[in-house]
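Here the chain labels run A, B and C in written order, and each chain numbers its own residues starting at 1.
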Amino acid sequence: MTAYVLRRLLGLLPVLVAAVVLTFVANRFVPGDPITIMLGDQGGNAVLERKLRSEYGLDRPVTVQFVDYVAKLAHGDFGLSFRYPGVPVTQVIRNALWISPSIAAAALALAIPIGIALGVVAALRRNTLADTGIVLVLVAGLSIPNFALAAFLVWGFALKLGWVPVAGWTSWRHAILPVVLLAIPAAAYLARLARTFMLEVLQQDYVRTARAKGLSERLVVWRHALRNVLVPILTVCGVIFGGLITGTVVIETVFNIPGLGRIAIESIFARDYPVTMAIVMLFTFFYATINFAVDVLYGLVDPRIRLEARR
Amino acid sequence: MSAAGLSQGANGAPLGAAALAIDALTVSFPGTNGRQRVVEDVSFSIARGQIVGLVGESGSGKSVTALAAMRLLAPTARVDAGTVRLGERDLSTLSKPELLRVRGAEIAMIFQEPMTCLNPLFRAGFQIGETLEAHLGMSRAEARGRAIELMRAVGISAPERRVDDYPHQLSGGMRQRVMIAMAMACRPRVLIADEPTTALDVTIQAQILALVRRLRDDTGMGVLLITHDLGVVAGMADRVVVMYAGLVMEEAAVRTLFAAPLHPYTRLLLKSIPRIGTKAARLHQIAGTTPPPSRFPAGCRFHPRCPDALDRCRTEVPPLETLADGRRVRCWCAHETGLASMAS
Amino acid sequence: MSAAAEVLVEPTGFADFRRRFVGTPSAVLGFAIVAFAVGVALLSPWIAPADFSRTNMAFIWEPPGNDFALGTDALGRDVLSRLMVGAAVSLTVALSVLAIALVVGTAAGMTAAWRGGWFDAFVMRTADITFAFPDLIVAILVAAMLGPGIPTVILSLALVSWPGIARLTRSLVLSLRNELFVDAAIVCGTKPATILLRHCLPNIVPALIVRASVGVGFVVMAEATLSFLGLGVQEPLPSWGGMIRDGLPALRSDPHLTLAAGTALGVTIIGFNLLGDGLRDLLDPRIRER
């Protein structure tokens, strides 16, 4: 098992290296000189400019800057913000750090049981009206972009019915619509997969064996078939979580939630590249970590892989 | 014993205690032009302690017959007519809960592919024990203990260790033994074995067949052995039912059938068995293939491949005639040569 | 031809394909929606009731009614006209992205499969790394670097779309390499480029069509998202994503702008996805996304 985990960890390395290099390159070659932008109407102040350049390390050769950047990253230091001169990036994003992953995790927790249940029910009622209806709803759930659906739900549930707050981030009630909105496409995606896998698994010989044993349909479906559906579904949960993290960028903008996603967009428009890049790095890190966790979990769930790993 | 195949004959007088009796079974599947009958008017029975071989090429309907008997057919399949009786009970009219109590307990089945028939995510012992939990109400621990005993009884060495193995850790022969242990868990009255050795090595094949025979001797269960291998039938079965294109073509006691096959199809099947010591440079093959149900020919379904086909065979479906010694045959040739007229 | 038979997806001719297609209601519905959207986009210069960019401060936030079928926006522009032109903008972007991704992806995939070696490794590792980032994050990153605008949108979405096509092409060409007709061409001394373009390409085109049709929905959605965030299509050109954003602040009093654009966007993507799914199921159930 250790070797298996190590092998998977090793697989993470190129991704993280790519993320570091890309963010550095992006950071240094974006259009517009950040110091000039920062100086604004103090553009002629050469003393201040020199001070800022040295403070941001921009007066040194690019290679030195890169080594410095990596060394600081290793200590969790993302450098200084452009928008708030002199303020470390970590301070800008500290309070926002866990908002996006929490929303995404809540959405995933909501989406998994609903998605799987819908998919299994559709598969069991294959080619009936219920199945066709579910499949159409799933296509709609996957197709309608979050922000468009958000507009409809806010208009209906917040403005017309007044059940939930319109926007903001002060009580748990503010989290309802964002989490539900993020969960909808995830659940739809999971349900489609669950339906496909279930239809496939129900054709398997071991399902027929379970029936031949005289097991009730409940045990055949929810014990023998479902477990075989869950294993492949687990592998896509990482991808889904990545989609959810991305989704928070949009959702936080719509609902004015002070999470990483909204800060990322704000910093793009403010040309605060260090903050933007730090958030992209963090998102990549979350994504890679989750995929790694999924790989390890997959090894634990499937005895075939677990054994290969033990060797 | 030789007449057991007719034990539930038309005159209704049971000649022996039939463990399983299939009567006039007809099964259809949806096809491109309406429903197609894949199994038609199939009747035969298995006495207690008897092994009946069901023989035919792939596509002859033998597996569908077995699955219909277990009521395990795919949802698209439909049983249009016929009954399946297990002892005195008609399985085809059982309610769902009643069926669940019988299936796996009184009638059990093992399949061709031991590789894919066990759930890869559950331990072998658990899968055996499930049967016991379902039918005998055993606790998980009791079931596990009994599973170990069953595994030992089917010849698995070190069952205390094997009980916690996952299917992929077992060899093909071992998996088939696990399947057999699972099927035997509740001492069924009838075991249906659908090509149980086709996927196994020849040496393992012999061991598995010997095991089935021994279990039959020990428990007195009836066995339906489905195979395309007449060699297996010769060594195992008491009676043989030959199917072609969904119809029973011939049925006889195994010795009679091998000594004097009546149906041209049976004769060709027998010729195709490779024999040690014969000079034939190449294996005998039956020309052509079994047609799909959508292209079953008119008249006798075998006539396009039959070396002895008469004009009549092209237009009229021959009836399944019962002969004096209890054997049955569906062939105009046999009918015209007067053999069938021996039937009383 | 066994492996090629898996690649060749339409063995029974167009008539049979059309019969099965018509027998799939969801695919027909998707086709109808897509055809409608494409028709509106193509005809928008002639059928739009007003100039999409003409502002009229006398008629801001007009509700839907006789003068303006779908009302007006904050600058008094006709929403229906902007929706129609928005369709053209959206579909142009999607078409451009797919064209670039298909050309680059197919070329890279075919070359990687044929040459193997470092080029193959390079293409596949690049694809792996691209897959390791969430799609939209990459697109947002690129958009942030290049600044908003239609070329940025096209470039950033093409960047995340080509690796999937390269991977698919590579695997298809690899399976074709073992075919007799390829061996025959090699023996005849045909140049590799000719073999790939003349002999292999026609065999993989159906699979590529399916892959592309499944991807359109994603591209339309991604463009709308970037535009919604302000990183995509810029004023005065209308985009559905941008219109939804513009309408949000007025959602309480004048929801028509956001809801109309949201409906157009949602229905169009549903249409593309229904059509894509239908084509995939009909042409080749084996091709899964990515």
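Structure notes:
Heads up, the rule we're going with is that a residue touches a chain if its C-beta (ideal position, glycine included) is under 8 Å from a C-beta of that chain, and two chains touch if they have at least 3 such contacts.
What you are looking at is a predicted structure, and each value in this text was computed from that prediction instead of being measured.
Chain-to-chain contact here is organised linearly: an open path runs through the chains from one end to the other.
Of the two chain pairs examined here, A-B and A-C, it is A-C that is joined by more C-beta pairs in contact.
One finds 54 Å separating the Cα centroids of chain A and chain B.
Chain geometry summary: the mean Cα position of chain A and that of chain C are 23 Å apart.
None of the residues of chain B touches two or more other chains. Contacts from chain A toward chain C in the complex involve residues 14-15, 18-19, 22, 26, 29-31, 132, 135-136, 139-140, 142-149, 151-152, 154-155, 159, 242-243, 245-246, 249-250, 253-254, 264-265, 268-269, 273, 276, 280, 283-284, 287-288, 291.
Considering their complex, residues 204-206, 208-216, 219, 224, 227-228, 231, 301-304, 307 of chain A touch chain B.
By the touch rule above, chain C contacts chain A in their complex via residues 26, 125, 128-129, 132-137, 140-141, 143-147, 217, 221, 224-225, 228-231, 241, 244-245, 247-248, 251-252, 255, 258-259, 261-262, 265-266, 269-270, 272-274, 277. Chain B meets chain A in the complex at residues 70, 72, 100-105, 108-109, 111, 113, 116-122, 127, 130-131, 134-135, 166, 168-169, 179, 182-183.
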